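Okay, so chain A shows up in both of these, paired with chain B first and chain C after.
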Partner chain A sequence: MKHSFIDRYSEFGSPIHGLDPRTKIVCMVLFVLAVVTTPAGRFRLFGLFAITIATVIVLSGVPVLYVLRRSCLVLPFVLLTAAFLPLWKATADGQASLNLLGVQIDRQGLVLAGTMAVKGLLAATAMIVLSATTRFGALLKGLEAMRLPKVMLMILSFMYRYLFIAIDQSMRMDRARRSRDCGSGYLRRMRTLGNMIGMLFVRSYERSERVYQSMVSRGFDGEIRNISRLHIESPDYIFSAIFITCLAAIRVAGQL
Partner chain B sequence: MHIPDGFLDAKTWVTLDVVSAGFIALAVRKTRRVIGEKQTPLIGVLAAFIFAAQMINFPVAGGTSGHFMGGVLAAVLLGPLSAVLVMSVVLIVQCFVFQDGGVTTLGANIFNMGIISTVAGYYLFRVVGHLVVGDGRRSVAVFVASLLSIVISASACAIELAVSGTVPLGVALPAMAGVHMLIGIGEGIITVAVLGLVSRVRPDLLEIEKA
Partner chain C sequence: MTAAIDILDLHFSYPDGRNALRGIDLRIEQGESVGIIGPNGAGKTTLLLHLNGILQGTGEIAVFGLRIDKSSLKSIRKDVGVVFQDPDDQLFSSTVFDDVAFGPLNTGLSAEQASARTREALAEVGMAGFESSVPHHLSFGEKKRVSIATVLSMRPKILALDEPSSNLDPRQRRNLIQLLGSLRATKLIASHDLPLIFQLCDRTVLLNSGVIVADGTTTDIMHDRALLEANDLEAVPTEFTNTRAPQS
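For the complex of A and B:
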């Protein structure tokens, strides 16, 4: 029942893990905003952003390789869209500035494609830092303290609680299918998949009924009360002050 | 189809963040009135279900594979507004926990995959259901709605990227729509099969109070 790909490493005890979830949410979202709004082609600034986030990763003790591997999930999208930008821009302006193996490549398009790839990677890295250093429950508590609608939070926490069970169930069914299905045709295979997903739905629905009944029998009246143990302490102030100063300094340096 | 950060310009992502937030607020208010307190565990568990179902890959032409999205399935089972909530929660978790899709582009991703696919898909299902006659009416409507919902979401994604100057519309739109036509066929077949199974096993579930 353990799926290590969900909030893995979030049980470590580093200074970053100890921060209040709100501090990390605000800092990482600010980081993403700072990166996304940086003009194209300022690769030196992106380098500074990368150093900032790398420092946080090192402090958190989360393996750098793990972060890199996860952030590479962005790359397929980069390849699909940004990769043909250089070719497109070349035909749009009618003046190619590079000629590579007989293919006209536009320098401006290349810069734009590189910018998008770097922005996507940096933003994903920041979110990996957030999810790898914060347990999902703590993340939800942080969002609750930041006044996200209660209904959404309850839905999110139910989803998270049953995600593992649903994934386990679907993996078990898929294993059963693979061990019995030796190369059937397209339509038949799709029907089997449909039946699997249908069964998954019926089981999920019946589970939600049981969960609801057991909640009602324990006095659930539509609201979940929990004790919030969130405290913003001095490490939070110090971390956010340094982090936000770094972001601001990088952006100001970019204006010079 | 999850757009990462940095691929949309500010005007596009800000607009879509606002639009999606508005839609979610509307959906929260409406579903609370129609289904009541029972909705919270139901929607949460079904979001987990959609998440798990999306991990199941199916073959698409040429040795590649696509995965199930489930927008129309959720809309037909729960009604369009509850389906918006289910899909949005899935996308929020994919963004924050799995880095599938960016933070600034979360609104765009929710708009494409959580709102368009469910709301447009649901009304397509209703309209086609009225146009076609015969025994297989429901299946035809579900198939067409699922197929088109995928194509429309993909087209919306292409248009957003083009408006942001990331890709040329003339290339992106036909490419995205074409590829997703093939994926949509799979989505259609699976959605029909899922609803067929549900109507055999628990026909009462097709009559859940809709929001």
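For the complex of A and C:
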């Protein structure tokens, strides 16, 4: 079964896709930092940040709608937190107090809530751009080159590799269940679901044993060895220079 | 000449008490291609997993005269390449390149040497250019080829393949048979795909319930309809077996 929804666009050949993963990791993390540290209410600056990231999206050829849909997924979480902000009001001594019967909604709180939503959206967008333009394997290689612990990366790598197989397996099991299910009740369905999850667990456990055997067959001794095939080239320097200059310019403009 | 593999009175039971191998004696000469046939549950996979010490039963196994034990394990794993039945067990990395380079790197080769081996092995199985692909974006036949490459990159002297043709469509299967025929190592192929064994192996070992029931030339065994049927295997139609291409 095909389920390419997770890493659908990471195989494109755009200039952004061609960048070294480290370039993209650093640029996107800087972007998030720049956005997050921008004072509340500076919506014009946030607009400029949005234009910057939108330009990158357009250059990458990933459909803008795809990115937007994905980044909107964070909105409920951000908004849930933000929703309470208008109920808070900063008091003179800097302490916040809650207007429990919040009829008097604070304007400052509203601005804060809006800022939070925008920041969340922009940060999520940056991360989605990163993952949509970088193969997962390359992303891990980039993180490895940036000295993240190998065991952690190995776990991520296995997760990515076998997630698809687990999805596949559960899709097949579900199809087999549905093809025999002639309108059973809620309780029964829940029980079958429980069995399916159990099966999935057992199968994954058995698979892990075979995977380990196949690794040991090829001389695995607990040490993780990898070849890094990453190269920082001139497009990387050009892209980071332009991108970081944009971020800096926006922040400086904000000081004026 | 020392045998490629020499197995003496091998017994093995799984932790749950299942007697999977019950006294295997098998000697395989260098350069031979041996088919291991038998119904499901005969013990084929279990036997293959003994060849590089993944499973360790009682009895003796020597690879090129070297007994398998703790001290020889590392060098034996370099010599015996086991290709697992399910390519999803074999391919665990996030890119094809990493998977094929995994073995060579573990044997202590430098990054350059391992990269060269990787490219070579991928070219050998016809998968050059797929270095950066993710395994789950490959077709089953492609995954199978890459699985074989993950072992070829270690330049094993013995290749042990478990059900290499399972789940392949006819064209992929034909390509695979061609590929396996072109590889020059000593080969052990466990399969119940008898036509495949017929095309690739001069000698066939018939396994059932953990014992060797028959061991002889492939032609003799494949023509013994009574023997095959007594062991829950389906005889190959004769028009197939008469047109067998000569093996070098």
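Heads up, the rule we're going with is that the second predicted complex is superposed on the first by the 213 of 256 C-alpha atoms of A that agree within 3 Å, B and C clash if a C-alpha of one lies under 4 Å from a C-alpha of the other, contacts with A are read in each partner's own complex, and residues count from 1 in each chain.
Going forward, a residue touches a chain if its C-beta (ideal position, glycine included) is under 8 Å from a C-beta of that chain, and two chains touch if they have at least 3 such contacts.
Computed from a predicted model, the values in this text were never measured in an experiment.
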Quick one: chain B and chain C on chain A, clash or fit? fit
May I ask for the angle at the C-alpha centre of chain A between those of chain B and chain C, rounded to a multiple of 10 degrees? 80
Answer with first, second, both or neither: which of chain B and chain C does A:Leu140 touch in the superposed model? second
Classify the contacts of A:Phe158 with the two partner chains as first (chain B alone), second (chain C alone), both, or neither. both
Pick one for A:Arg229: touches chain B only (first), chain C only (second), both, or neither. second
For A:Arg207, is the partner it touches chain B (first), chain C (second), both, or none of the two (neither)? both
Is A:Val74 touching the first partner chain B, the second partner chain C, both, or neither of them? first
Is A:Asp221 touching the first partner chain B, the second partner chain C, both, or neither of them? both
Shortest CA-CA distance between chain B and chain C [superposed frame, angstrom]: 9
From the superposed pair, tell me which chain A residues show up as contacts to chain B and also as contacts to chain C. 7, 136, 157-158, 160-162, 165, 207, 211, 215, 220-221
Would you pull the chain B residues touching chain A in the complex into a rising list? 2-7, 10, 24-25, 28, 32, 36-38, 40-49, 51-53, 55-56, 58-59, 68, 70, 73, 77, 85, 89-90, 92-93, 95-100, 102-104, 161, 166-168, 171-172, 186, 189-198, 201-202, 205
The chain A residues in contact with chain C across the complex are 4, 7, 11, 135-138, 140, 157-158, 160-162, 164-165, 207, 210-211, 213-221, 223, 225-227, 229
Going by the contact rule set out above, which residues of chain C touch chain A in the complex? 49, 52, 54, 74, 77-78, 81-82, 84, 86, 88-95, 97-98, 101-103, 105-107, 111, 114-115, 132, 134-137, 150-151, 154
Contacting residues of chain A [partner chain B, same complex]: 5-7, 29, 32-33, 35-37, 70-71, 73-74, 77-78, 81-82, 84-85, 88, 92, 115-116, 118-120, 122-124, 127-128, 130-131, 136, 139, 149, 151-152, 154-163, 165-167, 169-170, 174, 186-187, 189-191, 193-202, 204-205, 207-208, 211-212, 215, 220-222
